[in-house]
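Okay, so chain A shows up in both of these, paired with chain B first and chain C after.
Here is the complex of A and B:
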């Protein structure tokens, strides 16, 4: 008798649980997935912002190659409000769980990215591994572009930014959690890739610049060539090309190994020098001089590469220093290697604007390709 | 009867449990205020406690605390202390359960009522805690065999990620010489307190022999260091303090590229769900046996299902029902901050409770010696 009672109780209990969870969970066909979003400033009204959401429209067969997406825009005073307001424009539940890309329009990013950035970190269904980027001219324009090569709605930007698809030395890679910690920590500043568009012709994206931010707004956007050098400093084994001139001829190197390490040395109280050591390995890919290359010339060429890369790197480092930002995290390294915790922050603040760089590059050309 | 290896499992479970909720949060909260030194101190303290406990408990082969107390302590005192200890074990599991309920609501299913989730957990824990001590240990073994490789994999992925910021870790380590707070020592010693479950499980150990203390110290130390520094490496030296669940945010920052799911957090959640439930089952089993020992005459365990067994069953159900009700009420009263505060209280309380446990045990050993 007791057993039966227990059994009935258990059964009641279990059926109840089914009921409770059943009515609150929405099935996948009742959801709309936001794949990318962006934020822009609104001209002549500084209190509101324009939020753009790119929604993937579910298709029957992903192999058919047909993609459809929907752009929803909402002018609102805050992102949380905009997300609710947009809900009354659609028929299904909006889901941020698959949102991969967050774009900050250039004018917004030059003002402050904090509001949007905080929201994405705080909200639980937005991933910490989203790809943030600055959009030029603005987020809405970039979101509206679907390159002809795109197979899944909104996928092109995420693929390019993740380096899962294309692997370009001009694309800097960062995640939302990375931006967040760089904002929070002293001695290191965030950077973001810049997505532009190709003018004229078929719609295309162009990601070839990096935006340097102080804790919240864009201070400077580096040119593509500087971005490449920037990547060389921050990414191990960057797949890139490097160029040099020797005896009036152009030479290009295909880099397959690269590594940049640095050390901060206090030369005298209040003065510091950063010693960079960059090792690069690769093969010759292009040369303008069509004669045979001798071993002696190869060694000479390596030297020439050493000098030209060192010069580029030093120029870039000084340029970054003069913007007042610290995307490499020299400051954090300084704090991490000094034990005077109370005074190190002030020391570094005084030191960084006048810091000098010594760059040592070791290029090792393994071969000249198929021909000499 | 089980072999001594289950002692290590009990330790390992407790250590791994503390990679998540309260312990990392407390250690990270104190990262500039002596948590590093706290961890360093906690390793010898935790090991000393464990060593003394094992030395003493092996003097009472096959006996749990209720039996030992009944023999060597005055009746009323033994009962009082059993109730007190039961309360410590009960609170250990309830902070885990309520914490995990919160995590589930935050990261997995915000649409489901937290009470539904909690009822689900409680059902599993109540049913599990009623099994015999041996069955629970066997279940623990299987769970660990499945989960530990996943934890090792996740740890490896975190440490080897190019986004792991060693400079931030170094920055925290430069605060080594700051005097530790009691809370951080209490939090870090909890990693080593898995041994305390032996107060009941000693009944089923064939002949408890613990060797390889160095391995326990190593694993415990590594766990403590990981609990504190992995979030720092991913979320920043300052940034780690801004996250409510640093461990979950850290894992959410990991991306698995070549796997069926992209966010590591889902694997992590399942792993820790299993570990939390097993941990709670063990704690409730211990607490239940303590209460039973206090309100019942000691019975020999090999008794068949007679009328007294049936009575015991009823009592068990009442105890577990009371526990469940207490957790439900507790959960309804707590918010994020009070939950954290109670976690801190619990961790401090249990350090003293552990000390009390050792003193009592030493007292019983002396009594036994004087009687012999």
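Here is the complex of A and C:
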């Protein structure tokens, strides 16, 4: 019985300790959630950078639909320092736990994304599933944009980049941990989506390009149409449209099934060829002439699609090859399939700039919609 | 003739052998000089007045065996037994076996105690019998025997409590019961040191080890159908005079999440209902603790929307999250306790007023966040999903442990709590049977066989 009494006494003491928690115990209402952050170069001083943080202000009434956010900027020599400096400008504890988007201003990304990227991966309370992106013209401008459809501060960018919301073939999806892996691995390079803004009218974001990085700096930014083809190569069952011309008429296909596989073939020592096999299934969505399609014409149309997609893909692959980057990871595949630790990397280095592509596309039009 | 007579005697001996250990069996010999008549019956199943007036009194009034013989056989419902099994069957149905010379008659004196039996109060079912045990041991025995007509159902009577001398009966199916469990139960009852025993839960408390437990290892039930089902599964039933509950043992964790509805409904629905109860268990145990952990330690686990919503609705709350949770949960416990104690007429009024004040006024005043109200309501409702009230009370207490852990260690504390609870449950034994052995009912039956 004595032990029980002791236990009860201990429990009483513990309960009393709850009341003296003091200010170390920080509840959710004493925290400020940073939902997005960005980094830009400063024009006249190459030693410092401008860091921008978007802070969500908690909703008072969820039904009002009113959103409040706060933009904090800090010019500093390092991000770690900037995060501390920004703390003295706010009344509550800053929490990076909900930071979903990291934007690299274009000029910063063309220099090197390494410093900021390293910090986000290394820091304890930032999540590895953040969505990184390149911001055009700069991160601060993009962070300041709040589209009319945004219901939670800073959520629009995260929704679009994560494809939880809109699912556009022009948006490439990547995570911070993946960027980190691509930077560290040999034979594969990171890529980032590019967030632009719509000039004039109501504030709006436009994410329709992809930036190819040479490990840490942007080498090239692909045009929207190239970005779509880029996605076709990297995403399985991409929901997109494809266009072709036949007998002077436009035809558009709604793709609901797609798959791209490739094989690296060494044709002769030092020379290689990459064989791409792309299978696409979909329904006809739009056609210029309103005549009925015959079965023969449909087969002809599929052929036309095969050729035009193959041409687009080959052009894009050559373009990417010429930038010297390797976002698909051809190199990694080559290392994996050519087992020679001493020479494989050098072999690939010599081979890649002159590599050729053979693209085989098979489009299967499953239906023509309501009318033939 | 002598061999014929011995045949009747043989039958009687066989009958008595079958009824060995059946404590409510009655055998009474009526004799006038050399002539003898023997009555065999189960006293819990027969009407004592009928037996006394029609069979015993008449015997002495007539004062002649032949006349008595004629008298007995003249009843329209009285039949002569064809064989032993019919004899035993009718005995268990509540008939009196009258042995006169070499004849054996079955005399109908069934006692039906319908009037005093009331509806089940704590273990309601939707479809199925609604009667529940009464405070009378004999009535309860009658209700069980009527549902379990087998000579294998043995009843052993005892008296416990130094002062109260409460009558109890230990019931079991001789073929299915685990003898080790039975032996242990008898030992524990023999060693019981209590002055007064007034309820089933007292026996539960005095016989179980360790004494300090959060979860019950014996089941209390007020339902005859559950009792009979458990008897057929090889469990032991202790029926206690003066209480409307019987003890079923051994009981494992899963038993407390079984309602009689599971047997009545179609199998998929039964499984669904059981799954709902386990989800309810997890919800009522963890929801308040998770609220503390999420708002104070790990808000990054929540979705952005919810995090901002909680932060917004907590903006006016002047104290930390755990105070808020404990305050609201205590208020809810007060309400639950009040509605149990209050007279039935004012009970609903009190809960409505309390609920209204706690629910609306506290949030309007900004003392409690909106999310908290939803949470408390969910916790209160899910707690009542657990069908056996003893278990539901244990869970009610256990959730405070989880809140404490969450307050000190956050999400890690909750994980710690879950692990230690599983370890604790696994360490418990109910009469030597592992407590956390899930879905063990069928296995138990097989072992019993």
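Basically, the second predicted complex is superposed on the first by the 349 of 372 C-alpha atoms of A that agree within 3 Å, B and C clash if a C-alpha of one lies under 4 Å from a C-alpha of the other, contacts with A are read in each partner's own complex, and residues count from 1 in each chain.
Basically, a contact is a pair of C-beta atoms (placed from the backbone, for glycine too) under 8 Å apart; a residue touches a chain by one contact, two chains touch by 3 or more.
These numbers come from a predicted model, not from an experiment.
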item: Which of chain B and chain C A:182 touches, first, second, both or neither; value: first
item: Chain B versus chain C as contact partner of A:261, first or second or both or neither; value: neither
item: Which superposed partner A:152 touches (first chain B, second chain C, both, neither); value: second
item: Touched partner set for A:127, first chain B, second chain C, both or neither; value: both
item: First (chain B), second (chain C), both or neither touched by A:329; value: first
item: Which of chain B and chain C A:164 touches, first, second, both or neither; value: first
item: A:4 touches, of chain B and chain C: first, second, both or neither?; value: second
item: Chain B versus chain C as contact partner of A:29, first or second or both or neither; value: second
item: Which superposed partner A:198 touches (first chain B, second chain C, both, neither); value: neither
item: Residues on chain A lying within both footprints (that of chain B and that of chain C); value: 21, 25-26, 125, 127
item: List of chain C residues in touch with chain A within their complex; value: 212, 294-296, 298-300, 304-305, 307-312, 314-315, 317, 320-323, 404, 407
item: Residue ranges of chain A in contact with chain B within the complex; value: 13, 17, 20-21, 24-26, 124-125, 127-129, 164, 175, 177-178, 180-186, 188, 235-236, 329, 332-333, 335-339, 341
item: Touching residues on chain B, where the partner in the complex is chain A; value: 32, 106-107, 109-113, 116, 119-120, 123, 162-163, 165-171, 173-175, 177, 234-240, 242, 249, 252-255, 257, 262-263
item: Chain C-facing residues of chain A, complex; value: 4, 14, 18-19, 21, 25-29, 31, 33, 35, 56, 58-62, 95, 97-98, 100, 125, 127, 152-153, 155, 158
